[in-house]
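Next come two complexes, and both contain chain A; in the first it sits with chain B, in the second with chain C.
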Partner chain A sequence: MGRFGNLLLSAILCGCTYTLVAIGYCLFFGVLDVVVFCCGDIAIFGAFSIIGAFTIIWSAGIFQAVPAIVAVLILLVVASILCAALGLITYRVSVKPFEKSSALMPLLSTIALGVVIKEVLGLIFQPVVNNIAKGVVRVDDPKTVVGGRNPQSMPQLIAAGGSTLTRNLIIIIVVALILLALFFFLNKTKLGLSMQAISQNKELALMTGVNVKSCIRWTFIIGGVLLAIGGFLLGNYQTILRFDGGTMYGTKGFAAAVVGGLKSTWGAVIGGMLLGFVEVFTAGLIPGGTKFQNVIAFIVVIIFIVFKPEGIIGEKVAEKV
Partner chain B sequence: MMKKITAIALTVFMVTGLLLTGCGGSGGSGDGGGGKTVKLGFLSPITGANAAEGAAARNAFKLAIDQANESGDFDYTIEVIEIDDKSDPSTGVAGAQKIVSDPDVVAATGHWNSGVAEATIPVFKEAEIPMLIWGAIASDLTSKDNYPWITRSAPTDVQENVPLAKAVLDDMGYKKIFIISDTTSYGAGNSKAFKAELESRGMKEVGFEEVQEGTVDFHAILTKVKSSGADCVYWGGVVTEGSLLKNQMYEDKVDALFCGISGNYSEDFLKISPEASEGALVVKPGIVLESTDAGKKFIEDYEAAGFSEPIGAYTPYAYTAAEILLQALKECGDDVTPEKMRDAIKDGSFDGIMGTTTFDDIGQTELVAAYLNVVQDGKWTVYDDSEYADGTRTFPGK
Partner chain C sequence: MALLETKDISINFGGLWAVKDVDFTVEANKIVGLIGPNGSGKTTFLNIISGIYGSFKGTSGEVYLDGEQIRGLKPYEVYKKGMSRTYQSSRLCWEQSVADNLLVGCYTHQDYSLFDSIFRPKMVNNKIYDELDRALDLLSTFNPSLVDRRYDLAKNIPHIDRRRIEITRALLSNPKLLLLDEPTAGLNDEETMTMMDEIRMVKEKMKGSAVIIIEHDMQVMEKVPDSIVVFNAGEKIAEGTYQEIINDQDVIDAYIGGGDEDE
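And then the complex of A and B:
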């Protein structure tokens, strides 16, 4: 593969990681009209829960007994449950109490929650996981995770032992499958259609018999699962993760969502890819361009906000005066 | 009533505390040499977060002074005023003031923390007492403004580039260097220093990229590295991004050496897989003490003295600082003054356990003792003991 091919692959991968977070923003914004700012931190939490679950389940000797694909599925289920729970907690703690107040309140409270998630990961992840792993140890070679305020290495679960290219292609394919599943879910299932209905007009949806409350809860569960998978893919792509990595990741995801037009999942995909392509090609083609890659990426975002505030795929909202 | 008791108790504690520190400060006074004494100040964090390094450094410094007093080379007794700066600038300043207010003090050496050194430097300059920095490494502590009162026997972070460049460019013969650094002052200082090394050899880097702190994706830069034909990537930042860069060099099959300075020498670097970290070359300040006779003797003497703190990375530097001050004292003869000490330090050439120290025109040491480390099978290994040195393994890009 030539230089351009490598850049293209990097750009798509970079875009994939942003896309999944951006979709999280879109789902939450769609049903609630508020920005849940801790999406990046939830994704990192997902990745860390996979590192933790891997350590514990390995120490219990379960992984050695099952095929790799089963192991990965077990980990994904664990991380999904934890992230869905965290999604529900996010809703209960930092969104629902501010339902009646201005949209700025949940924005601020979810930023605060993101800081809490990040610091808790930094402080208690390592002792908690290591103590549980010590408790269940049944193998000769138990694993432990190292000091929490450091990067953690992600176990290589996708194409373990295979080439990096295979791994990267699998990541892209999985993201594409997730997008297809999401598209199917939003357009073909009752829950998905209800979510869209709420997104378009909450009062009308309520009147036509949509259970808005349960629908919102489901959105946070599905968003949590999606972010868990996002964290899993991100971790496998980067191979080592920092507990405070969610901030930048979340900001980029948010920017992608805004460029795409906050309410549209396809917009999020396009926004994520656009951001990924701008970043990677700035760094890869302009000599000395790397130090400007974030600057240029965010300039693109600002240009979109100025000239196309409704996003690439977004409807113009006419406010009645 | 309770308040009164608390107040009294507090006062008693504080007074006892003061008395105790007073005792500690005058510790080491001897009775030899006809009763005349010359005093040196020593500042380090003996309690607090950096206590292990600070206390070990204090031990080494006092070990050297005790050896000098016992040797009979001096017609007076050398006394140390030791100050615990607690890694805290204001505590450091109070300690510095205590040192400079003593009329017998002719020189001081201090500081593990650059922030504390920054705070006490004005005190020493104003009092015109020469201060030799033994352990703080921020590069701007020695400067034209602070010269000649402030000198430093520890190499700065930037100076570590000199031995690294020598190894990579002269000894290993790498020709096409791609420089990547972060945009912090640390990263910028390093890339500037390494570029200067290239220029002094009539070379030029084949590419230069700066990344923001916290960058996780280096794949785009690595396509540039590949197309530039570089055989060596110099990383001017620290381990956080360094390990990711090395990992992605492995993933993208970049056939080039990875090298960097001591900010990368960390167990964190080994969190990437052993295959990915293999062959990373990093320079670390100091010497392998066991490799020289003087170093071995230092370890023996230190252990024989029975200190409770083990030798730390900068303990030999504190010992070196003592060696410099002692040789400067000798040059001053019988009538030692701070001015004479200042000149003796800045113009002198001092033999010690790390090698021969001389100072440049801003009082920064020109001796940069450092040694190379390489990752071998997922572990940091001293380069000279590694399979890379004996030719069993070869670095990439060769």
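And then the complex of A and C:
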């Protein structure tokens, strides 16, 4: 694969990771009209919970006895359950108490919860994982994650011993499958249709027999699972994970969601990909571009906000923001 | 037995009584009008009986629908007990078609599993098509041309037709009690007259059911309801026929404001 091909693949991978967190923002904003700003932190929590589960289960010798795909599924299930629980906690602690308040209250509250999540992650993982320097975990270095005999890192595991290219293709396929499943869920199932009804008109949903509270709870559960998968993919795409990485990851996910259209799932996909492409191509094509790839990416975001505030395929939400 | 009966219904927001000790009765096959000055508690009253305030602590009293206590239930539970409503302003999904807006009211009482969602057996699709046919059939009684516009986006539909879509959607659940909150708001005189006829037609279609209608337009109040209840400052101050109400001194003082009986 040539240089351009590599850049293209990296851009898609980067876009995939932003897409999932952007969809999290879209789902939460859709049913509540508030920005749940700790999405990035929930995703990073998912990534670290996978590292923790990986370490524990590897130490117990279970992973050595099962095929790689089973190991990956076990990790995903663990992370999904934990992130779904964290999603529910986010709703109960940081969103529900402010249902009648200004949208600024849950925004501030979820920012605060994000700080709590990253600090707790730091406290838990500092003593567990070896060789952590300044809060950084090298996910691709087996010794830092599991140690022991025949250590295997997450990226090695997900590719089942295959190449980096295989691993990357798996990530893209996983995201594509998730998007298909999400599209199907939102458009074909009763719960998905109810969530769309709430998103478009809450009073309408209330008086057409939709159990709004239950739908909101399910949205946080489903959003939590998506963010867990996002964290898992981020951990595999990046070679390092930071405890405080959720802030930047979440900000980029939010930016992607806004650029795409805050209530549009497909807008989140487009926004996420756009951000991924701008970032990767800035870093790859401009000499020294890695130093200011974020600057360029956010300048693009600002340009979009100025000229198309409702998002690429979104509805106008300026009054709500 | 009354279809709807409320006893001492009250709601207090931080010391302010929005509705206070209201006893209200609606018999089957009747249309009851609800009038009162702005802020008199009409919509709040509808919100209480339709479950919008659910288990809000400031609410007290009892609400019986067909003999069953429903106060404290959530809106979707009240809906399942047989109460539907429309709002003052249109509650449509603007970017969805007329048909989709009608079907929102159908999905919730359809009983199909995740398996059915995934594989969509013919039986499930048939159920949805049957619901759509029923919805369009009902809609055509208001305005037959709307059936041809069923795939038009709701935002492109005239205001009176939006009202018709909302009422049709509310009727699709075969409610025992239909609450109409200012159904003629935003309509011109001619459209208001048409809507009045249609509300009477709705009543004829809903055998054994009843309608509560909030309106400011006294033309509507004269011609549509069988009886009228008047609210002022959260309290019920009068109840009776149109003629009784417009001659009631309390109503004149509170609502009409100086005896302009034609207003």
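Note that the second predicted complex is superposed on the first by the 280 of 321 C-alpha atoms of A that agree within 3 Å, B and C clash if a C-alpha of one lies under 4 Å from a C-alpha of the other, contacts with A are read in each partner's own complex, and residues count from 1 in each chain.
Methods note: contacts are C-beta pairs under 8 Å (C-beta built on N, C-alpha and C of every residue); 3 or more make two chains touch, one makes a residue touch a chain.
Every value quoted in this text rests on a predicted model; they were computed, and no experiment measured them.
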With the two complexes superposed on chain A, say which partner A:Cys14 touches: chain B (first), chain C (second), both, or neither.
first
First, second, both or neither for A:Leu76, with chain B first and chain C second:
neither
For A:Arg3, using the defined touch cut-off, is the partner it touches chain B, chain C, both, or neither? Pick first, second, both or neither.
first
After superposition on the shared chain, which partner residues are touched by A:Ile171: those of chain B (first), chain C (second), both, or neither?
neither
Per-residue touch tally on chain A - higher for chain B or for chain C:
B
Quick check on the superposed pair: does A:Leu204 touch chain B, chain C, both, or neither? Answer first, second, both or neither.
second
Please indicate which partner A:Thr189 is in contact with in the superposed arrangement: first for chain B, second for chain C, both, or neither.
second
Between chain B (first) and chain C (second), which does A:Cys26 come into contact with in this model arrangement: first, second, both, or neither?
neither
Using the superposition on chain A described above, determine whether A:Met248 touches chain B (first), chain C (second), both, or neither.
first
Just which bits of chain A does chain B share with chain C as contact spots?
none
Footprint of chain B on chain A - complex, ascending
3, 6-7, 10-11, 13-14, 146, 150-153, 156, 164, 238-240, 242, 245, 248, 279-284, 287-291, 293-294
Using the touch definition from the top, list the residues of chain B that touch chain A in their complex.
180, 183, 207-212, 214-217, 219-221, 223-224, 226-227, 240, 243-244, 247, 251-252, 267-268, 271-273, 276
Residue set of chain C touching chain A in the complex reads 50, 52, 74-76, 79-80, 84-85, 87, 91-96, 104-105, 107-110, 112, 114, 117-118, 120, 169-170, 173
So in the complex, the part of chain A that touches chain C is made up of which residues?
184, 188-190, 193-194, 197, 200-201, 203-213, 315
